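Two complexes follow with chain A in common, the first pairing it with chain B and the second with chain C.
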Partner chain A sequence: MALQINTHISEGAARIVLSGRFDFNSQRLFRSSYDTPLSDSNIRTLEIDLGDVEYLDSSALGMLLLLKERVAAAKKELVLANCRGTVLQVLEVANFNKLFTLK
Partner chain B sequence: MAVGIALFLVGVAGIWQTGNYQLLASLFSPGSLLVFGVVYFGWSVIFYRTVAQVQRREEKDWQEMDQEIDAITKETHALFAELSGEFNSQYRTMQEELAQVRTILTDAIDKLIVSFTSLNEESRRQQEIALQMTSRHTNHDQEAQSEENGFVSFEGFVKETSDTLTLFVESTIETSKTAMSLVEMMDEMSASVDNILSVLGEIEAISKQTNLLALNAAIEAARAGEAGRGFAVVADEVRSLSDRSNHFSDQIRSQMDSVHGSVWRAEQAINALASKDMNFALRNKTRVQEMMDSIQVINTEMTDAVNELTGISTQVEHNVNTAVTSLQFQDLTTQLIGHIDKRIGAMEAVMDSIAAIPLDDAGASADTTIECRLRLKRFKEAISEAAELIEKVKHNPVAQAEMSAGDIELF
Partner chain C sequence: MPFASSVDVEKDPLKILVADDTEANLLLIGKFIARLGHTVITARNGAEAVDAFARENPDMVLMDVMMPVMDGLEATARIKAASTHWVPVIIVSAKSHEQDQAKGLEIGADDYLTKPINFVILEAKIKVMRRIAVMQRQLSDNARQLELYRDEAEEEQRIADGLMKRLIHAEGLNDRLLKSWVSPTRRFSGDLVAATRSRSNDLYVILADATGHGLPAALNLLPLTQIFYGMAEKGFSIAHIAEEMNHKISVLTPADRFVAAVIACINPRDQLVEVWNGGNPSPVYATDDGRIAHQFVSRHLPLGILGRDQFDSQTEVYHWDTAGHLVMCSDGLLEAENAAGKPFGQEKFLQLLELITGKQRFISLVAAVQEHLGSLSAHDDVSLVMATCPTGEEEIVFPGAAPVRPPALNAGYWSFTFSISAPELRHLDLIPLLLHNLEAMDLSQGHSSRLFLVISELYNNAMDHGLLQMDSGLKSHSEGFDQYVTLRQERLQSLREGEIEIQLEHFTLEGRRLLRIRVKDSGPGFDHQAFTSRSLDDNTTLCGRGIPLVKSLCEDIRYQGKGNEVVVHYAL
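Moving on, here comes the complex of A and B:
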């Protein structure tokens, strides 16, 4: 199932909830979902919720790395939330547990 | 004779007692005196003859005894000689057999010790080899070692593979990251192209408008006639410019289309580049873990095996040492054999001494009784001499104390 994104903003934190397949074709959608919160000065934390993601490939990992760079440049915080199952395994094998804050 | 005289006197006294002096007078008459004399003489003769007879018989008996004693001593001597000879030949055989025992023992023991020593050596060598083999595989500190002796342990190999994979995963993700940022650039390019195309649209609209205006101007110029001829020329020029503009616009559009196409193709290529399924990494990680677990099991088994082998090797060495020590009974037996030999020698000497005791005629005396007594004395002496010799053997240092194994030193 192609990626679907829901964004919830509250108390200076933007929660971006992903569901479905997170792959190459999700590129534009994902980019546009975080662009606005990233440039919003009231938002301090971006939380990417991966609880409903059924599949994750290297392009998704690449996109997450790009996001990390941009969040750091904007001096905000980035959290990956609800990582479980295969998603968690993939993140671990890519050493993302050392690079990101996992919740 | 004295008895006869005494009896006569008693007879006389008796008769005198009875007071028969006539009988007494007749007793001392010459006739009776003569009779008495004859009787007395006869009795003397008989008496001395009997004594001589008795003496002669005695003499004969002594001679007979002397001869018998002589015979006995000679037979005893012969018996001793025979006994000595027989025993000595038995002793000699015993000594030969003892020598054989010594030789057999020495040979066998030498061979056994050599055999046990080499057994020990071989067991030790076995242990070394086993340790060498297992140490290669149980050695955890392989990083430094493998460079030196070019030998990579199984464990080291698995770890190396795992590290290689980690690098590969990192590389894949980096590539994907770069690829995704390229995609973003492609998007920007696409957006720019779209912008250009929309600008181009504007230009084309303007150009179309210009064309219409020029057309209008040409119509107006025609209506104005000769006066409008100059204007008509200008209008035509404007139209041709507009056409040229359109032409360029078309070219730009087709270039943009071609850029669009290239960008699209690039995106497809980047899609292939960036989209790597991560399952291979997950599978490998699982396999590596399984393999490391197996290696752990193997290592444990190896360590157990090494320990067991060491235990066995120690046991073998211990047993061999016990055997070699036990073989040192050789000293004990050699000493015992030596003692037996000496005892036999002592017995031989005793036998020889007994056999050599002189039992023949030495200083024969005329008087057979003395001779006989001497012979008996010599015989008794000989026997006591022999008894002394036997007694000496009992107190011989060879037979001193009962030898027990503890008295003899073992190395």
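Moving on, here comes the complex of A and C:
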């Protein structure tokens, strides 16, 4: 299933919930989902919820790296939430758990 | 040219060929068409029509079916066959002659009109045909452009392919200890598999997986090949190679591009495997008796993500006492899906390694993956490397020709001394640097390898026994080996004081060129006087100081001072 994104904003935090396949074809959608929260001065934390993601590849990891850079530049916080199953496995093999805050 | 490409194509006059055997019809139709603003050409039978078509190049044809000499259907067929571009042909037939209409369309006519001709409809059809002709021309223009682009792209790819092949040096993979299989999804592989031997004949192997696949991914890998071959051949440690690669990738590529990699160094003499794994599936040591003896888990981030200061080059060392294979693959292999969407999986991968041993191992594994995929192609590049790890490799094979011993004609005296103290000793790869200087003195490759070994052995002794106070007795059994490695690592990291001095002197004696190598460490030394020349042949009494090896390569070897200084003479 192609990537679908739902964003919820509350109390200075943007929760971006992803579901489906997070891969090379998801670039445009993913990028547009975090553009606004990034430039919103009231939002301090971006939380990417991966609980419903069924597949994650290296392009997706690359997108997360890019996001991390941009979040750092905007002096905000980034959290990856609900990483389990295949998603957690991929993140662990790449040792991304050392680079990102997982919740 | 029909349908001139002017701005208002709709208004351009057409040249229309009208073929009819009845003079009255010709006149009527001709006048009507002329009034629409078009030019008329007439023909009275099929044969005339074919000739007129060839001669006048009309934009459209109105063809009566029933004509003498050659009928309209035959004429249509001939005109269509002779046309280089699409010219609309409308056949004209009697209302009751449906057969003609059907046959006409089959033969290639584009439409039909029934008699008596309804001129309103004729005008409409002329407009339609013109519209379609414009579309047709656009299509064939596009097709021609595409062909041109495709030819250009093919040529570019062919050149890139050739360049890649030359830069990737596939010959290293032909090593007798190595078997590899790369199955890319596109023409260019986003996976890199390369191997080479160092001066001391250690086998260096790399399996790297760049984000994505195809040409962009392959391009990211090119800088790595240069670093790999350059540093491995000089004998740099894989920790340093990983460091340099990480730096290169993070500098050259954008933030979202990285390279997962496994770099391995296999030392068949000492039966050691050293691995750096960042983001790749775990390489596995599978013994000849079907056990998975060790897995090198990925403990690091892939190359190109962290800066120089945060990068961790820590490697993992494994000593094998049972012969077997070091097996590495990219995640494309483990994730390859069959028709039912099921991935090949790590479980199956390990099971196969346990089940199949010996010479069959590699081919069986490849066959299993191909069978799993069936007629499908994998979604990601698939790579597999298997390095044989034998026991009992006593003989050292030196890369390069046997050393040439030229007469000492114009050889002069030179000397240099390196003195390094504790902080630098912790992370410097001294030997490649030393050899680099030696190479400036123009040595043959045969000497290069031997000297590398001699200087390495003497230096490692100075370090391990002189400064780190290691007990080689630990190395005699497998578990002890891991302890040895860990302990050595710890002691090296916490080394605060100590010094090693290496002096190289080149001179001639009785017509022979000699290199005097002296290594001195700041350690306590040992009671060397108690040892006779015979015990120098025995590796164990000197606690594995690798002296027999050095002795076999040099003219002589002598300990001095407290035993913390050793001098050898090597004949060039």
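Basically, the second predicted complex is superposed on the first by the 103 of 103 C-alpha atoms of A that agree within 3 Å, B and C clash if a C-alpha of one lies under 4 Å from a C-alpha of the other, contacts with A are read in each partner's own complex, and residues count from 1 in each chain.
Everything that follows uses one rule, which is that a residue touches a chain if its C-beta (ideal position, glycine included) is under 8 Å from a C-beta of that chain, and two chains touch if they have at least 3 such contacts.
Model, not experiment: these values are computed from the prediction.
Asks: Based on the superposed arrangement around chain A, label chain B with chain C as either clash or fit.
Replies: Aligned through their shared chain, the two binders clash on chain A.
Asks: Which partner chains sit in contact with A:19 here, chain B, chain C, both or neither? Use first/second/both/neither.
Replies: neither
Asks: For A:45, using the defined touch cut-off, is the partner it touches chain B, chain C, both, or neither? Pick first, second, both or neither.
Replies: neither
Asks: Have a look at where A:65 lands relative to chain B and chain C in the superposition and call it first, second, both or neither.
Replies: Touch partners of A:65: chain B and chain C.
Asks: Look at A:82 in the shared chain and tell me whether it touches chain B only, chain C only, both, or neither; answer first, second, both or neither.
Replies: neither
Asks: Between chain B (first) and chain C (second), which does A:31 come into contact with in this model arrangement: first, second, both, or neither?
Replies: In the superposition, A:31 touches chain B alone.
Asks: With both structures superposed, pick whichever of chain B and chain C touches the larger number of chain A residues.
Replies: Of chain B and chain C, the partner in contact with more residues of chain A is B.
Asks: Where does A:98 make contact in the superposed view: on chain B (first), on chain C (second), on both, or on neither?
Replies: second
Asks: Under the contact rule defined above, give the chain A residues that sit at the interface with chain B and also at the interface with chain C.
Replies: 24, 57-59, 61-63, 65-66, 93-95
Asks: Which chain B residues qualify as touching chain A in the complex?
Replies: So the residues of chain B in touch with chain A come to 166, 169-170, 172-181, 183-184, 187, 271, 274-278, 281-282, 285.
Asks: Spell out the residues on chain A that touch chain C in their complex, using ranges where they run on.
Replies: Touching chain C: residues 24, 57-59, 61-63, 65-66, 69, 93-96, 98-99 of chain A.
Asks: Going by the contact rule at the top, pick out the chain A residues touching chain B in the complex.
Replies: 23-24, 27-28, 31, 56-59, 61-63, 65-66, 86, 89-90, 93-95
Asks: Could you please specify the touching residues of chain C with respect to chain A in the complex?
Replies: Of all residues in chain C, those touching chain A are 209, 211-212, 254-258, 260, 278-281, 298-302, 305, 331, 380.
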